[in-house]
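What follows is a group of structures, each given as structure tokens.
In the two complexes below, subunit A is the common chain; its partner is subunit B in one and subunit C in the other.
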Partner chain A sequence: MARDRRFAEERLFRGLMIAATALIVSCLALILLTVLAKGLPFMSLDMVTRTPQGGYYLGKGGGVLNAILGSLYLAGGATLLAILIGLPVALYLNVYARPGGRFVAASRFAFDVLNGVPSIVYGAFGFTLMIFFGLRASLLGGIIAIALLILPMMARSMDEVIRLVPRELLEASYALGATRWETARRVVARQALPGILTAVLIAFGRGIGDAAAVIFTTGFTDAVPGSLLRPAATLPLAIFFQLGVPIPEVQGRAYASALILTVLILAVSLAARLLSRRLTRHVVK
Partner chain B sequence: MENRTHISVQGLNVHIRREHVLKDINLSIPDRKITAIIGPSGCGKTTLLRSFNRLIDATEGVRVSGRVLVDDEDILDPRAEVTHIRKKMGLLLQKPFPLPMSIYENVAYGPRIHGIRDRRRLDGIVECFLRKASLWDEVSGRLSQPASALSLGQQQRLCLARGLAVEPAIILGDEPTSALDPQSSQRIEQTFTELKRDYTIVIVTHILRQARRLADHVVFLYLGELVEQGPAWDFFNNPKHPMTREYIKGLIS
Partner chain C sequence: MKDAIAGKTMLALTLFAVLLVLLMIAGLYLKSRPVLSSHSLGELFFSTRWRPFRGQFGFLPFILGTLWVTGVAMLIAVPLCLLTAIYLSEYAPARVREWVKPLIDILAGIPSVVFGVWGMLVVVPFIKDTVAPAFKVFSTGYSVLAGGIVLAIMVFPVIIHVTLEVLRAVPSEVREASLALGATRWQTVKRVVLRKALPGVAAAVVLGIARAFGETMAVLMVVGNVPKVPKSVLDPAYPLPALIANNYGEMLSVPLYDSALMLAALILLLVILAFNVASRLVLRRVERSLR
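Entry: the complex of A and B
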């Protein structure tokens, strides 16, 4: 009897887990299919090679090159900035700081809280900062806002993967007379590289897809961004504006823009995966 | 020669949080001999070994007092510079931990951080110490492969070569064969007996037979106290302390 019940439980929970997995996978598939089905008919070479021409938002010619480049510059710049701050933080927490100390616990808690702050708040905060420094809506303002937005997540995920590096590996390096910096750079960063890359990638994906943080800080323009101090267009906002126009042609282009954004993120992920496979040959398991 | 000593410990006390892990330890490690630190698990053997190169600093809540003299320098002095102390000692852990790089880079890592850049000199160093650790013949054709691809026994010998490459005078081993199969253990032991001509070797072991096979000098710890130390032959054949007698007979563990 008891045995039958145990088997039934096993089957039940297995079923539930399969159902949950199927739900997630089908959601993803549904999103991709919608974007493909609605966007593909409106895809054209013009979409990715031209900027909006006069009357573009009323259905006339042009494309969203301004937003593609704007988004790439913005997310690229913000990711770079966040790495420059996040990686040293993660290394500090795990290699330099006293293990189990209050400072370490407090930092981790702070990042977790910041991670839960909605992106519109980062936008508003960035906007306040910009007013303080006398900066107008610009690519630079957006880069700072997005960097602030993705920094907590990036630093925390780097922290988690670096924490998994075995203590003994650090000790092996110290025992050879290496300093903490040499150990952090040559051993820890190398061992944790695949995880660090993943952290960077997820942060990039979140940064390039965010609309709320850029709405005040970056502005929007039909021109290709030429300077850090000028406004720049971004794909999420381009999608938002086009979707709001009651003309089917323009709404279709919104889906085409969404398709471009999706493909961009996919391409960056794949490139990073390939890169990481090359770089992680030596990682100790 | 008999009196010269690289490591001498005077009145060493170690507390970890509220626990008194090592109690007033006094000992001298003889030069160019194999010293075995034995005792039941949890008696402080590893802590003692780790205080020799101050790896103990990284332990949470640790307090250390007393003196550990390495070549007449008190390494516990807060002003002592740890990297050059650690450079004097190669360390083998229970499990081999190769660095996340190639076989070649593992051995070259130490010399590189201590300033050797010349490629040809590094090539020479890598070959020399892989030979000393009796690993060269097995890996000479695949130096650029990841170190993690080697077998455990080979990895441990690689770690030995890596430690030797910074030209230490002392080799510390923390149960260096406990994760290895009998054959690999034997090779490590054999390498140790060859190396003791040039190096002072200190190993922690809980295997009495290993201590009997290898050691010239034995240190017996029990519950953080040094019970007895002396030349291996005397220690095993004519133990002075009743506790030593019981431990050797296998009565306490």
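Entry: the complex of A and C
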């Protein structure tokens, strides 16, 4: 009797678990399919090759090229800036700092915690910075805010891959008379390159998709950004603003823009996966 | 020589990055000082009156809005995530695991505005046309429930990911010992694995809560944004992050408004930091004790 109940319970929970996993996976499928089904009918070449023309927000011609380019510039600039800070940080923690020391542990802890800070707070902080430096809403402001947002995750994931570089490799390099800087640059960074690139691409993807941090800092404009000091459009905000217009045609374009953004993100994440698989071939095992 | 310069530069960059959080607290605090000095904390936190044009800044509706939406999201997400994580770690064949994990990573990478679009297209009409009529009430669909559902899906990856790490850290000898004594798998999970992993699982849930607190765009698009204290899950709400994001345009033209919004950001930051620090400390302890 007790035995039967035990196995009934086992079966019940096993069933629940499979159902939960299936539900979570189907949420992803449902989201992707909804965006595809709603966005595809409004997709056109104009959407990706033209900027909003006069009367665009009333349903007239044009596309969201301004937002696509704006997002790419923004995420690209932010990723570059974050690499400039994040890579040295990850190298420092693994090559220069005392291994297993307090400083290393505290830094990793700080990045984990920072990674949990929401993007709206980075946006608000970026806004206070901009007021402090007398900057207006601009591409540069957005780049700084997004760079700060993606820095913790980038530094931490680079740190994780660099940590996996075998200690012996460093020691072999030192034994050949290399300095720590040469070792960091020529041995460690090269060995960890695939992982580093994956970290960069993932951070880039997060930069493209973020809306809350750019809302204060980057502004919005219908023109393709021509200068770091001018406002720039971004895809997430273009989606948001178009959805707010009560004209079916414009809302449809919001769905199409959401489709563009989703495809962009999926492409970046796919590239990250393929790249890391391909580049591992050149790594000393 | 070059080595020393590189080392110093890297140390400086590391210190900058680590101290970023203090810089953020200081920056937001400086900006929120005007409203803090002209209003008492009690008024700011416990008043429901939000009339920026008359200089009244009561955050209570927004704080409660955040708690309602997060609460609903957690009620949905926690059981589903625990079941999924346990399945992936204890039951699923390797092939299933290899398929499901990348899918969860993809879910984590979807931008929040896309979640918002999906929520407006699917969740909001579902609540308006199906859920609300079933309870014989009227709802526009833009509600706490809509925010909670969308938010739940957004925190799935966080909770599942961290729970999986925690479960993986439980040594397999523990399971084998229990199975050898004749316990079923579920009994082993329930009485042995989960008991050992409990602090870590709690930390995973707290990380999920912290994530939910700060989520802005998706929630803002489906939650209705009415600055009143919600009375049911079918009422609209107005969480703190939505308040900040929605009013960036007008805040500079009303005195103290920008200061109040920066205070909102500071509150969010401090609460989320506390949650993150607590759960990360627990996770670190768990990792060490199980190793």
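In this section, the second predicted complex is superposed on the first by the 244 of 285 C-alpha atoms of A that agree within 3 Å, B and C clash if a C-alpha of one lies under 4 Å from a C-alpha of the other, contacts with A are read in each partner's own complex, and residues count from 1 in each chain.
The rule we apply is simple: contacts are C-beta pairs under 8 Å (C-beta built on N, C-alpha and C of every residue); 3 or more make two chains touch, one makes a residue touch a chain.
Just so we're clear, the structure is a prediction, and the values are computed from it rather than from any experiment.
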Practice task
With both structures superposed, pick whichever of subunit B and subunit C touches the larger number of subunit A residues.
Solution key: C
Exercise for the section: Classify the contacts of A:125 with the two partner chains as first (subunit B alone), second (subunit C alone), both, or neither. Expected result: second
Exercise for the section: With the two complexes superposed on chain A, say which partner A:269 touches: subunit B (first), subunit C (second), both, or neither. Expected result: second
Exercise for the section: Report for A:140: first if it touches subunit B alone, second if subunit C alone, otherwise both or neither. Expected result: neither
Exercise for the section: For A:179, decide between first (touching subunit B), second (touching subunit C), both and neither. Expected result: both
Practice task
Go through the superposed model and pick first if A:75 touches only subunit B, second if only subunit C, both, or neither.
Solution key: neither
Practice task
Tell me which partner A:91 touches in the superposition: subunit B (first), subunit C (second), both or neither.
Solution key: second
Practice task
Would you check which partner chain A:215 touches, where first means subunit B only, second means subunit C only, and both and neither mean what they say?
Solution key: second
Problem - Touching partner for A:27 - first (subunit B), second (subunit C), both, neither - result: second
Practice task
Mind sorting out which residues of subunit A both subunit B and subunit C touch, each in its own complex?
Solution key: 179, 182
Completion exercise
Counting only contacts in the complex, subunit C reaches subunit A at residues 2-3, 6-7, 9-11, 13-14, 16-18, 20-21, 23-24, 27-28, 30-31, 79-81, 83-84, 86-88, 91-92, 100, 102-107, 109-118, 120-122, 153, 156, 160, 184-187, 207, 210-211, 213-217, 221, 241, 244-245, 248, 261-262, 265, 268-269, 272-273, 275-277, 280, 284
Problem - Residues of subunit A defined as touching subunit C within the complex - result: 6-7, 9-10, 13-14, 16-21, 23-25, 27-28, 30-31, 34-35, 38, 85-86, 88-89, 91-93, 96, 106-107, 109-114, 116-125, 127-129, 131-132, 148, 151-152, 155, 179-182, 184, 202, 205-206, 208-212, 215-216, 236, 239-240, 243, 254-255, 258, 261-262, 265-266, 269, 273
Exercise for the section: Can you check the complex and tell me which residues of subunit B touch subunit A? Expected result: 53, 55, 58, 60, 82-84, 86-87, 89-91, 93, 95, 97-102, 105, 109-110, 113-114, 146-148, 159, 162-163, 166
Practice task
Sort out for me which residues of subunit A touch subunit B in the complex.
Solution key: 98-100, 166-179, 182, 186-187, 190-191, 281-285
